[in-house]
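Listed after this line are the structures, all set down as structure tokens.
Each of the next two complexes has subunit A plus one more chain, namely subunit B in the first and subunit C in the second.
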Partner chain A sequence: MARTLITVPRTAKRDEIIEIRALVQHSMETGYRRSSDGDLLPRDLIRRFTCRFVPRVAANSNAASTAGDLIFAATFHAAIAANPYLSFNLRATTSGTLVFSWEGDNGLAQTETVSLLIA
Partner chain B sequence: MKRRSFLASSAGLVASVMVRPVAAIEQSSVLTALVKEYAAGAVVREGRVKFDIARLVDNGNSVPVEVTVDSPMTPQQHVVGITLFNEKNPQNDVAQFSLSHLSGRARVATRIRLATTQQLVAVAKMNDGSCWTHTVEVLVTVSSCIEE
Partner chain C sequence: MQPSTQALQKDDTQNPAMLWVKDGEALWNKPEGAAAKSCASCHGEISRMKSVATRYPAYSSTQRKVINLSQQVNLCRVTQQQASQWPADHESLLGLEAAIAKESRGLPISPPTQRQLADAQKHGEALFNQRVGQVDLSCRDCHETLAGKKLGGNVIPQGHATGYPIYRLEWQSVGSLQRRLRGCMTAVRAEPYTHGAKELIDLEAYLAKRAAGMKLESPGVRP
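Our next item is the complex of A and B:
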């Protein structure tokens, strides 16, 4: 499991625009570099990042809404620096859970959740 | 030259240097082709996008970038995507970001790799299909991709 660092305010006012920062520990090996033996280092990249928001009221509604709304997505290429860092925004409307997912080469798939409370 | 006229003229010179507008650089044909492909027939115009990156980069391994787009981000009028292309890395793609009116603000920041001194372009696609760009030129002193 890769280590992640997610920064989201614990509470926000309704309609406040919050900043979300997400960092994951990963080498983002480009596939162009060589080791000290001269062998090409195999490509190992994180390819996709998504952030979804699941409103808290989802418990008594239908199951489809538990997937949440996609609020931000990113497709990465080799030109993204090691330990990919992203910062983006969200207009906070209701309390709920933010679901962060990273997918990449060699079967990498990781999901982290952070709750957001609207005061 | 009289002192007074010298001071007046030199003040004018300083002012002209300081207020020099950010000249639109001539976009490289590589980037123009990439943007055209991404736009897929939509109108591409310069403006509304601000690509924030250091003009002089000491180390190309991790270069902070921030792209902001002038948009109200309402359901009627918002940015749906921001894409970054580079001119001279081994691959021209850098990243594609998807946004929606839920974002509240059309902004994304990340860190990228730069192999050498080159141009970069940020393209924002609006929900009405129009595309807006900002091209920047970056001087890289120590490139990415060289260290073992």
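Our next item is the complex of A and C:
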């Protein structure tokens, strides 16, 4: 499991625009580099990042973690540096859960959740 | 250092080395080895490590030699936890070292007064002034005489080791001071001392003396 560092304010005022930051530990190996022995290093990339927002009501019902609104997504390629960092904004309207997910090569599928409270 | 690199270092939500710190903090509380003890079992909260990193390298009376912080961590791992030693620059070792060093952020580098450490600093200083490699330059040539000038695209810094372990953009990873020093030696086409060699420890000891009083800023970010 990759280590992640997610920064979201614990609480926000209604309609406040909040900044969300997500850092993940990943080598982003391009598949073009060679080791010191000359062997090609196999590609190991994060391919896609998404962040969804699941309002509290939906979270309490039987909705799966894939439910909710997509608020940010990014497709990653070989030229992205290791340990990619993203920051984006969200207008906070209701309390709920932010669902972050990173998917990629070698079966990478990691999900982290952070709750947001509208005061 | 570019303002953008400084900004990355100053903001814990952006500094990629914080991922290693988080690893280290988790390891601090994890029982390991045949003794099934965590670092916390003996040392308590990691915040108790405050100021420890400002005192290394230091003379260890049990080892009867000068050791750096990562060697002390490995020592506890082997003798106290009865677990296998980590190789140099192992991710977990760097994580623990970064987490411990972070507890001393903002505190002045303060090498202890020890006769054995003074010997190491003296030997380290001699190595610092010694020309090496096909390029025939000493550490001093670059980091004092030529400091502030450019080498390739990089500004040559004064070479104060205040931020170790660092996240180096060129490495795309966290690495130790010894890795940095070996890099400087390779750059002048000298054969670098092996990881853990007495020469590297002595150089580290001299660098700490040279930087005494400067504030520790670990985990640093460097180009």
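Methods note: the second predicted complex is superposed on the first by the 111 of 119 C-alpha atoms of A that agree within 3 Å, B and C clash if a C-alpha of one lies under 4 Å from a C-alpha of the other, contacts with A are read in each partner's own complex, and residues count from 1 in each chain.
Heads up, the rule we're going with is that a residue touches a chain if its C-beta (ideal position, glycine included) is under 8 Å from a C-beta of that chain, and two chains touch if they have at least 3 such contacts.
Just so we're clear, the structure is a prediction, and the values are computed from it rather than from any experiment.
Of the two partners subunit B and subunit C, it is B that touches the larger number of subunit A residues. Of the two partner chains, neither subunit B nor subunit C is touched by A:Gly104.
Residue contacts after overlaying the shared chain place A:Ala74 against subunit B, while subunit C stays out of touching range.
By the touch criterion stated above, A:Gly96 is placed in contact with neither subunit B nor subunit C. In the superposed pair of complexes, A:Ser27 makes contact with subunit C only, with no contact to subunit B. In the superposed model, A:Arg3 lies in contact with subunit C only, and not with subunit B. Once chain A of one complex is fitted onto chain A of the other, the partner contacts of A:Ala82 extend to both subunit B and subunit C. Common to the subunit B and subunit C interfaces on subunit A are residues 81-82, 85.
The touching residues of subunit A, counted against subunit B in their complex, run 17, 30, 32-36, 53, 69-82, 84-91. Touching subunit A in their complex are the following residues of subunit C: 13-14, 16, 18-20, 22-23, 169, 172-173. Listing the residues of subunit B that touch subunit A in their complex gives 61-63, 66, 73, 86, 89-91, 93-100, 102-105, 107-114, 144-145, 147-148. Interface residues of subunit A, counted against subunit C in their complex, comprise 3-5, 7, 21, 23-25, 27-28, 81-83, 85.
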